[in-house]
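Across the two complexes that follow, subunit A remains constant while its partner is subunit B and subsequently subunit C.
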Partner chain A sequence: MEATLKKNRIDLMKPFRKYWEKFYKRFADGSLGTKLSYFIFGAGNLYHKQIIKGLLFLVLQIAIILFMVLCPTINSTPYGYKALLNLPMKNVVEGGAFDPLTGEFSHGSNCKLIILFGFVTIAVIAIYFILWDKNIDSSFKADMDLKVGKKPTTFKEDLAELLDSKFHITMLTPTLIACLVFTVLPTVFMIALAFTTYNDPDMNELGTNLFHWNGIQNFISVFTGEGSLGVEIHNRFLPVLGWTFIWAVFATLTCYFGGIVLALLINKKGLKGKKLFRTIFILTIAIPQFISLLAVRNILGEYGPVNALLQNLGWISQPIGFLGLHPNDSESLAKVMVIIINMWVGIPYTMLMTSGILMNIPADLYEAAKVDGASTFKMFTKITLPYVIFITTPYLISSFIGNLNSFNSVFLLTGGGPTYIGYQAGGTDLLVTWLYKLTIDQGSYNTGAVIGIFTFLITATITLVTYRRSKAYNEEDTFQ
Partner chain B sequence: MMNNKKVKSQSRNAKTSLALTYLILILLGIVWLIPLVWIVLSAFRCEYQADGTFIGTVTSNYFPKAYGLKNFADLFTARYYGVDNAFPKWMLNTLIIAAVDCVISTFLVLSVAYCISKLRFRMRKPFMNMAMVIGLFPSFMSMIAIYFLLKSIGLTGNPTHPEYSVIGLILAYSAGAGLGFQVAKGFFDVIPNALVESAKLDGCTNFKIFRKIILPLAKPIIIYQALMSFTGPWMDFIFAKVIIGADNAPYWTVSVGLYSLLFGTHPDTNLFTQFAAGCVIVAIPIVTLFMFLQKYYVEGVTAGAVKG
Partner chain C sequence: MKKFISVLMVVLMACLLFGCGGGNGGSSKNKEIVVWVGEESADFYQEICNKYAEENELPYTITVKGMDTGAVAGTVTNDPSAAADIYTVAHDNIGKLASTQCAKPFTDEALIAQVLADNPASFQNVIYSTLDGKQYLYGVPYISQALFMYYNKEKVSEEQAQTFEGLREAAQAAGTKAITVTGDDGFNMSFALLATNVVDHSTTVKIFEGAEAVSGGSKGTSNCQGDDTVAVVRWLQDYAEDPNGFKWASSDGWDADLRNGGALAVIGGAWHYNTAKAALGESNLGIALIPTFTLTPKACEGLEGVKAGDTFRGGTFADCKVFMINAHSDADKYSALQDIVKYLSSKEVQNESYLNCLNVPAYVGASEYIKSCYDAGKLTESEYNLAAKQVEMAEWGIPQPFLTGSLNTYYYSKNAPAVFRAMIDKTAYPTTGDVLVEETESLEGVRKGLYLMEYLWMHGVNPDSFPEDLPKQA
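Our next item is the complex of A and B:
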């Protein structure tokens, strides 16, 4: 027992130990230039007469140090070391943030920007250390080249390398930068908001609101109903979570099997007009959903043709609220309608995907089954279905996750309704539409972020359990 | 004799089952077309009340009693949300955003997919894992943060330069595009590695291999990606509204504009037929594109399904 523990600890420390060894070894074995580059970026490159590269490193180092020391300020909120000092948000007051240098409160800044700029500053510090590592690497490589009798690479050769052995750096850098700024930073920012008191519906504009960290209070509040988020969120959380799961299961299964059946029908032997039928269904994919789903909403609406028809036939006296657009409408009817109408959206996708797979099923399987006297239905359940399911399992999982986060069907059809007075989530609201309402409509950013984190935890768990076990993930390399 | 009878009954069976299939498919086809037909009918609906006022909404008669082009004429000249000729402006904005986003996104996706599929480097697996983890967060969660971010650099509907919001929206659409590399990667995986290896033996650099070998072979996936990123801005009505701003009507995209006719700050149910006319105009180019490029679309979707 102790031995395994010890072994585990050593494994954990391994990357650090390895890095330390590399760090130490390069300092001990490196030339004077390499030793210098531990302190001055590019010194090693300059020492090896790689002037442009060395200057580039040096300029970047100076720029980052200036950024950290001078603390450029936007909307009265500083970057640099002041941003780090502000990050605990201990001394913020209405309309301003504490300035540690003057001991006064600067006006107009706000906690949202303090968090944002704090994270940007942390990212800049991380970049500083990456550059530090790269600059030592670069100098040490030149040392090694000299040792084996080669000349250190020129700037031109370095550039040429970016198109060959380091081509991935050239190709990935634009995406990496764009993703860090517009995907990773916003996501980290929102995760941080989940641990704050930023829940003020009336003040969403820049420069008007203040909040502070409150640890995991919000998460506790969702489960107990007491404290920061209030009892409404607690009361609606489990029903919305439950409905989200029911929705995802039904939406996935109905569209999946509906699509397979439709593909079988269209690909039936001897059927003419395959292309026409297929085009009809693709048409519904091509039309933006806000058009087609709003049309459905209109058709099923209070004054729409369906209610008019039923009234003219004398079957009903009052319009039926199919989509729960009024508070008194039936919640279960709205739920059923959303799932049914979603089939209209989802079936064509599965049909397209399975069509190709169906044509690839070896024909001799069916021949053999026919000889044995199997019925069409039996062939479907014993040959077609297992074959299709086997191949499309990854799609089934990803479409389940997609449905957990599906927005359009619910938002455009029911708008989450029927709504309950005093509650923020209506009868058909999914976690994601609730998240939208909380952040965009109500400005309850911390609640929205908490809901978002729960959604992430659910999808991440499903992905971890299924994907990481699957061949597609583990043998992704060898598949080619 | 017996055998003959059996064959006959079998062929009769096949015939009835084929007829049944036709029946089901035609019924399904009608169900699938109803909403689209409904929008087109509403767009051409041209009815007046007894006192001469135009009826812009759906009344309980199922098929329009009169048809005309008034909705289209009104749509192009009307003043919505205080903007003259709003609809043509929205169309133009969307066209610009879609075109730029299409170029940037396709380039990013192709470059990432090629690297992940055909090159081997230290950060490859961590990058793929990062893309997966980021993809698991609901995009609506970070949407408001992207808005804050763009606002802090003045790329949303700020009072002095409202037109910058178009740049902000393009950034928001295309910045994350590189993370959606899975379909293109699946496509590149199928290109034999031997092709790349032999080119390397001939002294080709990775850049040259990408340009001379991979890109010419990648035409279907380029078209698929371009189609996806070009049609995206025409279909999205949430992101655009948040980034450009609810009070920045001259720079809305067409979907935000049309959606706002029915559900905006000044919703007007009497504009339903004009909304429908707008939908028809938006749908025509997108549907045409889809129909022409159907082959590539199906190819892309299928590649995505099998590789996951």
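Our next item is the complex of A and C:
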């Protein structure tokens, strides 16, 4: 226990201490070139006659300094130091002026650009410091090479190294850049919107996209019910969150155990046509999910075959609203139906995976158990199930998280219905479908961002806690 | 191999970056003018635009794209820079698009003169908005819209189609429901909200009367408190409860109701024509005015301003579709864009559009042209009826008023349509926070619901509380 605690304890100051040691050591032990490179990029490389490399560092330093000082401006919004000064929403251009003679029209406010350019500038500053560190590193490495009698590497050798021992850097760099530009920056931007009055109807009356920072007011409104969508968030957040969890638990467990049972049945010794059965069940994966779901929606519709059959049998006089598509339909029935229908699209995945695992369980385990007189049920509970659960725990967790964010099943089947009067979030809406309605239908990106952050915190916490407590993590090497 | 992979990675990254950067920019876009019209009219307008570009030696190519015009306003406001140079929306979006700086006003004097000369006053009142304190023309009408009724001629006689009571009689005989609607929003429910007294032509609900259709202008007044409004709601409650009365559209679509005999009639517009025809077949498709209904003693119980036997015709919003210019288009194109809109909204092109796509013209006196086409054998009976009944229904309707960007959308996106539906279904509805109005069957419940709707229209939010004495007006 103590060992586990020790293992899990994180020393937050350690990286800083390590970096300080490195910072001090390089300055103290480095050559004059290395010392100079603390102030002028590439000075150390130039000192060691690594001309191209040194000049590259220098050009980058000058470019970044010029970028910061000259503040290039796009659509009346500057980059550079001015972008940092504008970040608290200073110098906002409201836009909207029109010249009838020329047809020139100045567009909406530049609030979004101010945030975007501010973050880009911060990223550029971060890049500056990374380059600063790398340029010192490069010079210090040359110092060390000279100390052991080696020649500092040439630019050509450095390039060759990128295709050899540092090939991983070559491969990862484009991905990393794409990730930063297309994932990290938009994510940071959206998180920032959660702290603004974006889409405030009162401000939008004056001109589109005019907003300002409002601290954690949007988060507070979840609990107090204030603000433009405050009542909606206040009254519907907890019910939607609760249903999202219920849905995720049931959707995960039904598909998981349904898949295991199906796999056991299909893999049963002596069963003929195993491949045929497997193919039939896998067909649901081959057919696009939305087509399957829309087909089921039609089957259960007001004029669908199920209602027609029940009416013809005389069991019902009016069609049943299975999927909560009308406001008066039963919410509970709609919830049960989406969980059941989701099994149709979810079980084959687990079945497929479990089939593979079942085939890999060592046969001698069963033979030994048989010799000991174990029943089939006992063998299932003591060998098969623990083995399958051990291997599939990470899948189970990712499946649970996936279900928390499952969009298709609910949106395509019920559209979130039955609707709640006065609210966007209907009876079967999950956090993610609600998020869609708030952002796409209502344009409330700030409220959407708040809910997105809450969703992230919840899913991240659950993932970390459950995974770190699972056997698959703690006893990684035991089941081989 | 490693070198090859490295080069491949670099090329892919470069493609990705250039691909993202290229987008809508580039010189080709400056030579192109993109026009968005309704999906059903795209081919026709492309042909017309090609002819116009050729005749006028336009330095631009015109590309026409068919869009779901109900969704265009949302698409434009989401990303105006990616929207067309000229786009089509229903007129009630003008306020929203103008105030969010997605539209540029029209300034061409010849075009403005054409709009003033051709269009009825009701349309002229709703196509302006303000910018920098000045009033500008923002939308140019070219299609008129009003609701009317499609019905199953096989099951409903022409006489029965004149009244809701007649429809019920036909539904009783067929063992089904009389009528449905294509949606439960304010526009589609205007048959009840704007029910019009056949004697004095007054609508039951008064919506933004005296409002100035300009940004920041007066909201005018709205009134849902009349005894006639209450009586119509109570009449519809009973009609919906009747096993042969009104039903909401099926979750499979209103056309499924028509096709499967779930309802004998539907209240819809010209844009539903092809779907209705597909559901019933041309020979069974009847087109009529929205029928009249007569108030029952039960509906008038406890009310002074109305009496049993008073007759109302189902009402409609009488709207128009307009061309608007994207504020994000190049200023260089501004003059050409206005010329194109002037041409596309001319009487001649509107007439052609009707003959080719059944877009009912918006200009004054269009009914004469429609009649002449029918007499000349250019139209089938249902195609003629469609236009004739719409034009006739428009005389019973009013255009949807709008002021600023959000006032009209209060009705759509806030509680009002849902509250109205709850009242008709006699189910509970929340008012402020968690307070429920449960006695929707009672006179008090109906009055509270109507008060709530009126308050939502005027303020965009629920009232904090209901007044001690709910306002009662005859």
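Observations, loosely collected:
Please note the rule applied: the second predicted complex is superposed on the first by the 396 of 480 C-alpha atoms of A that agree within 3 Å, B and C clash if a C-alpha of one lies under 4 Å from a C-alpha of the other, contacts with A are read in each partner's own complex, and residues count from 1 in each chain.
As a working rule, a contact is a pair of C-beta atoms (placed from the backbone, for glycine too) under 8 Å apart; a residue touches a chain by one contact, two chains touch by 3 or more.
Predicted model, so just to flag it, every value in this text is computed and none were measured.
Touch criterion met: A:Gly225 reaches subunit C, while subunit B stays clear of it.
Touch criterion met: A:Trp344 reaches subunit B, while subunit C stays clear of it. Look at A:Lys134: by the touch rule set out above, it reaches neither subunit B nor subunit C. In the superposed pair of complexes, A:Gly304 makes contact with subunit B and with subunit C alike.
In the superposition on chain A, A:Phe281 contacts subunit B only, with no contact to subunit C. When the two complexes are overlaid on their common chain A, residue A:Met171 makes contact with subunit B and with subunit C alike. After overlaying the two complexes on the shared chain, residue contacts for A:Leu163 are found with subunit B and with subunit C alike.
Taking subunit A as the reference, the larger set of touched residues comes from B, when subunit B and subunit C are compared. Overlap of the subunit B and subunit C contact sets on subunit A: residues 163-164, 167, 170-171, 174, 178, 298, 301, 303-304.
Residue ranges on subunit A touching subunit B, taken from their complex, read 74-75, 112-113, 116, 160, 163-165, 167-168, 170-172, 174-176, 178-179, 181-187, 189-190, 193, 206, 262, 265-266, 268, 270-271, 277, 279-296, 298-299, 301, 303-305, 308-309, 311-312, 344, 348-349, 352-353, 355-357, 376, 391-395, 397-398, 401, 405, 407, 411, 431-432, 435-436, 439-440, 445, 448-449, 452, 455-456, 459-460, 463, 467, 470, 472, 479-480.
The residues of subunit C lying in touch with subunit A in their complex are 2-3, 5-6, 9-10, 12-13, 16, 77-78, 80, 99-102, 104-105, 107, 131-132, 136, 215-216, 248, 250-252, 256, 260, 262, 327-328, 331, 334-335, 404-406, 413-415, 418-419, 421-422, 425, 427, 429-430, 433-434, 460, 462.
Residues 95-98, 100, 102-105, 107-108, 162-164, 167, 170-171, 174, 177-178, 201, 204-205, 207-208, 225, 231, 235, 298, 301-304, 321, 323, 325-328, 419-422, 441-443 of subunit A touch subunit C in their complex. Within the complex formed with subunit A, the residues of subunit B that make contact are 14, 17-18, 21-22, 24-25, 28-29, 31-36, 38-39, 42, 57-62, 108, 111-112, 114-115, 117, 119, 121, 124, 127, 130, 132-134, 136-146, 148-149, 151-152, 171-172, 174-179, 189-190, 193, 205-208, 210, 231, 234-235, 237-238, 242, 255, 258-259, 262, 272, 275-276, 279, 282-283, 286-287, 289-291, 294, 297-298, 301-302, 304-308.
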